[in-house]
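In the two complexes below, subunit A is the common chain; its partner is subunit B in one and subunit C in the other.
And then the complex of A and B:
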């Protein structure tokens, strides 16, 4: 009765119900809801991997092709990382796993959506739990993060919806998979595409729609910020790539150039603004803005290898940022947030933690032997295949700037002195070990993963 | 006439019923004009002192009511064409209601309906 290609989403939805039921029957401070959320999220990710991709539309609304399944796997990985980091903590309520799983379900739906209505539903399902989670720490900072995210997010949803309405007016259908065969009304098309790019670019943290990112990441609980940095970005980038490369691949003249300028602006602004940050979460937030720019390069280059590189880059970026947030989680203990000075002497006190953060920062900087190097390499390759020299040069310049960003925390770790003591938890240790080893492994032997992702993101109608 | 006749009868019956009930209360009820009856009433919130504080719990109750009310509204389109969806559609609608019930039970168990 239920289409088997929807089984990952079904597992995630059942996980939400199971964690909610557990949240009401078990006592406060119980880990049962976390465990069940973890089991269901892992099951959804594994099922996404084992599922045979098809390009058939399900109910005219979603398509579980390889691309959507790769997005599913990445979003579930982000949920698992968020849950692991929130484990064993007395500060997070029993609703935490249910809300995180619900946000993950929204992200998965965004990856599969072939229809604007479903895309919008997925985006709201992703956003609404995150508004609550951002404010879930119940102090002034967290409340500020929640209200800022809610107000700006609701506004961006409105912009996105207006863009979708204009595109519907231009094409006469909300299913954007077969736009290429339709007669289009150019004026409405341009305006609609611009608004859709703005709406999704907000979630992706595209400059100049990025203002919320540092404040929200700083104020949110660290596990929530981890999910936002990886899961939300994956879902938004995947939806943007799907809409532009699937739906409007023949009208790339309308959006390609504009998106290219946005990409260069985002890369440079994100990395330049990351330079003076002293709060590690704010630094990662600005770095996330810069990395969104790198992903946009792949989308805007509008080539097969560009699309593959954009999808592939999300993985090294996600693993590195999850790793860095896990280190912050270990450092911060009961008091949220970590400053640059807290890292002092970390290399001598906690060599494994320092090694983890070093791997994460080197990967974000794109140093060889880490996954980030191959991510950037394929992005530049994609941009050059599309004859987009400006974007390739912008990417290199932004990477040079980012070296200054990422080497400063490493320098602090090797300074003598006493920083903040580390408080390991099992969940954080699993995340640090898993993400660190995966980053190194892909940096040395990227071939299988690259092949897997490239298969998924091969849109044959791209030039 | 055919299909709309039932609606006409329904409108007529409800009008007669409403009129009968109001007249009955007018004839049989006690009459005590003045006092609080002259003040305006708005969902239990005192509107004569708009600057005063009132409990934030009003919003919680209103929000919970809205959530479940709107969700239940989604059942109506299915109900009107229930036979066209056969058993599979029934099971799906049932699943929707199970999700709603879990949410309702959750709010209840977590004390969402308690005033204090």
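And then the complex of A and C:
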């Protein structure tokens, strides 16, 4: 009998099977696979919410605590968003839902992993379907995205695996809880930890391991980029937070400072590079790099409130970025991607669409009454509680730069003129409405969600 | 508590649904839906009041917290609602009179192309007002307060194609914002001092304070400035007459019956604070009396029927503040109730007249409408008699309650001003009535097409007329009903209505009769028009409210404009400097672009280099 704490993963796995079978059985232009994928993904998310968290190790491998369940919910939300955006479109093959669910399952496993072997399995389960999905459009850019993602991803997986090997070599264990008693760090252990940070930092889009992000987002189909921006980032950040804040919590003096430098570098570089972008998907990609830096601030501050803020921030960021991608999806029509000029006059032609994009951009910029404000507020609070003034200042400077990034599309929307006509689909409308309302709701009344996430991200070893 | 949430929630629901669906709703349904919701809210308000009355007198409070708004910014802030006898009076009037005005609006605004937006904004106003009155702490009250200002702004500027309407809306918002700032600073000071903003917590803390300290004086002044702006007390009365640019039912609902009395509610609510600042209370009474007299003298000269009624509202608000200032809280609340009846009636009837004359508001073009619109005219007459303080009508009792108590408390001068104003009130109200309904028609063409309003408009007017006659029974009830509110804390000792000496009443009624007689002689016998007396000399000044707009322009608008010009120069320089920095950043980010080569070997090289740096860092740290 399967352990009940694994039911969300089980449901997701069943969803993969169901969508695969349906894809084989029914004729090509059918939505049956999408529907079943949606049902199973939503079921997995709901089950994660209703499940009672435990802190017991399951098979020495994973732990379905509140933290893992929150990650489950966010990843399934990303899967649902991706499915809804791809819905009803002839351009995506029938394998699309199965692959997306498989990637989601990988992300969920990364959130639960309490052991490096399982972490690596989850990472590969997340990455391999995404390599295929990135290349699933039949044109040169998509192929380029796929091959770039595959090559750099393979490189980073190798680095991660080597780091894990070094860790195992020096301690004889791969389970996180066995690291928690370490005080002194042997050289081999340090080298292993460094390589693990590099490997996970690649997935999180930490500078300088971020180079793949803009090319891959631009080339991938928009629903896939949506999942990458939210789901992959959640999984990578969650894994990094658990490894460092839980496993290596006593040796934070070694990695904390390094990660702090990376955080500031990532925030500044991401937002600076986002400034001159004209392609909206590239802009969001660079914005994703900058936001990865914000999340790193919470991890690097190594306090309870920092960890809570990092986990909480993923939600406002995810909602905003999913919303922005959904708007691009509505705008792009038959050809992929959208340029800044396509937004011209959108506020007059499509007021709801323009309102959605405005909410998303304001939230990314951290304007009050949107979720992003509270996300940044608690991150700064966490950094200051950890006495990390440098990171707090870096976050503020990066936010200043980011205002230039996020206000420019809004400017374009209010300019007179004719941009590209919008093509609404039901799925995209649902995503725009859901993510937009969620962003505003969290921005007005963050208390219940904050409480929920804060409880999940409380690691006993943190002060 | 549950009922309170629904009373507040229903109008909000109406506003939201109408805003979203206004384009696809059939024409009539918007008004019916909005009216229905307010009707249900009124029924719930009655139920809540009955429930409140069933509680033992010492515990007549229904309160509860909807949810904790947010933490992390100091102590948590709760969405707390609070119903006590004082708030109950207000919610009954807001939803009750509001319901009648909604019904009337179905007829008055039915042909407007933007009727959906109209009802959405009307419901939003009711929601804001209920939030203000039912708030359980000063912060929620301020939110309601500001929302009331916003919805008033939206409704005054409802016909936004008219430049004058937009100007009037802007003026109202600016003046109201002055008051909002006063309240905000006052709230911050109170919070700093006591660490709480909830009514019970704050008032219990005030119990132990000694009266007369400078702190309480300043806080009371700041909060009074808010009440002054919202209730159009001199010298912040300037926005109310211009607010008549809005649709007439809006004038009835907002600028006569409910919104402008928010200041009265606020001051009555804060009676423990006024107790600690006796100087401010005396000033409130004095300013109230002066406002009453001042506005009455202006109303005498008005040509526009709605502006005359607007200045009459300012004048009556002066009476209410006079009552609050001398501690006659029940009398003030009583006058608020009767005023809501007769002033709403006056505006609605005026609206029917304006409707009948296809939008004409100048009294010079009216006259002789009694035959054409008998129901409206009789109702108008009833309300005119009520506001003039003729015995037997509701207004007489509430006004006498205020003036009598002023005499009993020893404020002879305040009484004299009030009594004289009563005479003036009778004069200008009968001037309006005579010019509109009596005499010969001065514009035959308009007169010929005039017709009685449809039933949906006359029925609310007649109901209000009945209330003007029978509303006097409320006085005794209010006396005992408001007891629990004003007995709880120090400062409410003199709240109850007591009848003053008989000679005082006699003098006031005599003055009113003289006023009525003078108006009849001048405007019916001699047949003078609406322009008589305000075309030259002092009359022109009176028409322009003794030049208060000009004074404000000279005292505030011009200096602030000069200041703004100065700040703009600094601002432009600042923006230029910022622009230069931003330009540098943008140029720098452009310079960074070549890093994105698109070549995988470069990407991997960057990763490699990063990895080497991390490794080196870790090995050095060991």
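Everything below uses one rule, namely that the second predicted complex is superposed on the first by the 459 of 463 C-alpha atoms of A that agree within 3 Å, B and C clash if a C-alpha of one lies under 4 Å from a C-alpha of the other, contacts with A are read in each partner's own complex, and residues count from 1 in each chain.
To be clear about the criterion, a residue touches a chain if its C-beta (ideal position, glycine included) is under 8 Å from a C-beta of that chain, and two chains touch if they have at least 3 such contacts.
Owing to the predicted nature of the structure, the values given are computational and were not obtained by experimental measurement.
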item	value
Touching partner for A:152 - first (subunit B), second (subunit C), both, neither	second
Contacts of A:17 with subunit B and subunit C, given as first, second, both or neither	first
First, second, both or neither for A:215, with subunit B first and subunit C second	second
Subunit B versus subunit C, judged by how many residues of subunit A each one touches	C
First, second, both or neither for A:25, with subunit B first and subunit C second	first
Common interface residues of subunit A - those touching subunit B in one complex and subunit C in the other	none
Residues of subunit A touching subunit C in the complex	147-148, 151-152, 155-156, 159, 185-187, 190-191, 193-195, 197-198, 202, 207-209, 211-212, 214-215, 254-255, 258, 269, 272-273, 275-276, 377-378, 381, 401, 404, 445-447
Partner subunit A, residues of subunit B touching it in the complex	88, 91, 98-99, 102-103, 105-106, 109-110
Sites on subunit A touched by subunit B in the complex	1, 17, 20-21, 23-25
Contact set on subunit C toward subunit A in their complex	67-72, 582, 585-586, 588-590, 592-593, 595-596, 598, 600, 602-604, 606-607, 609-611, 614-615, 617-619, 621-622
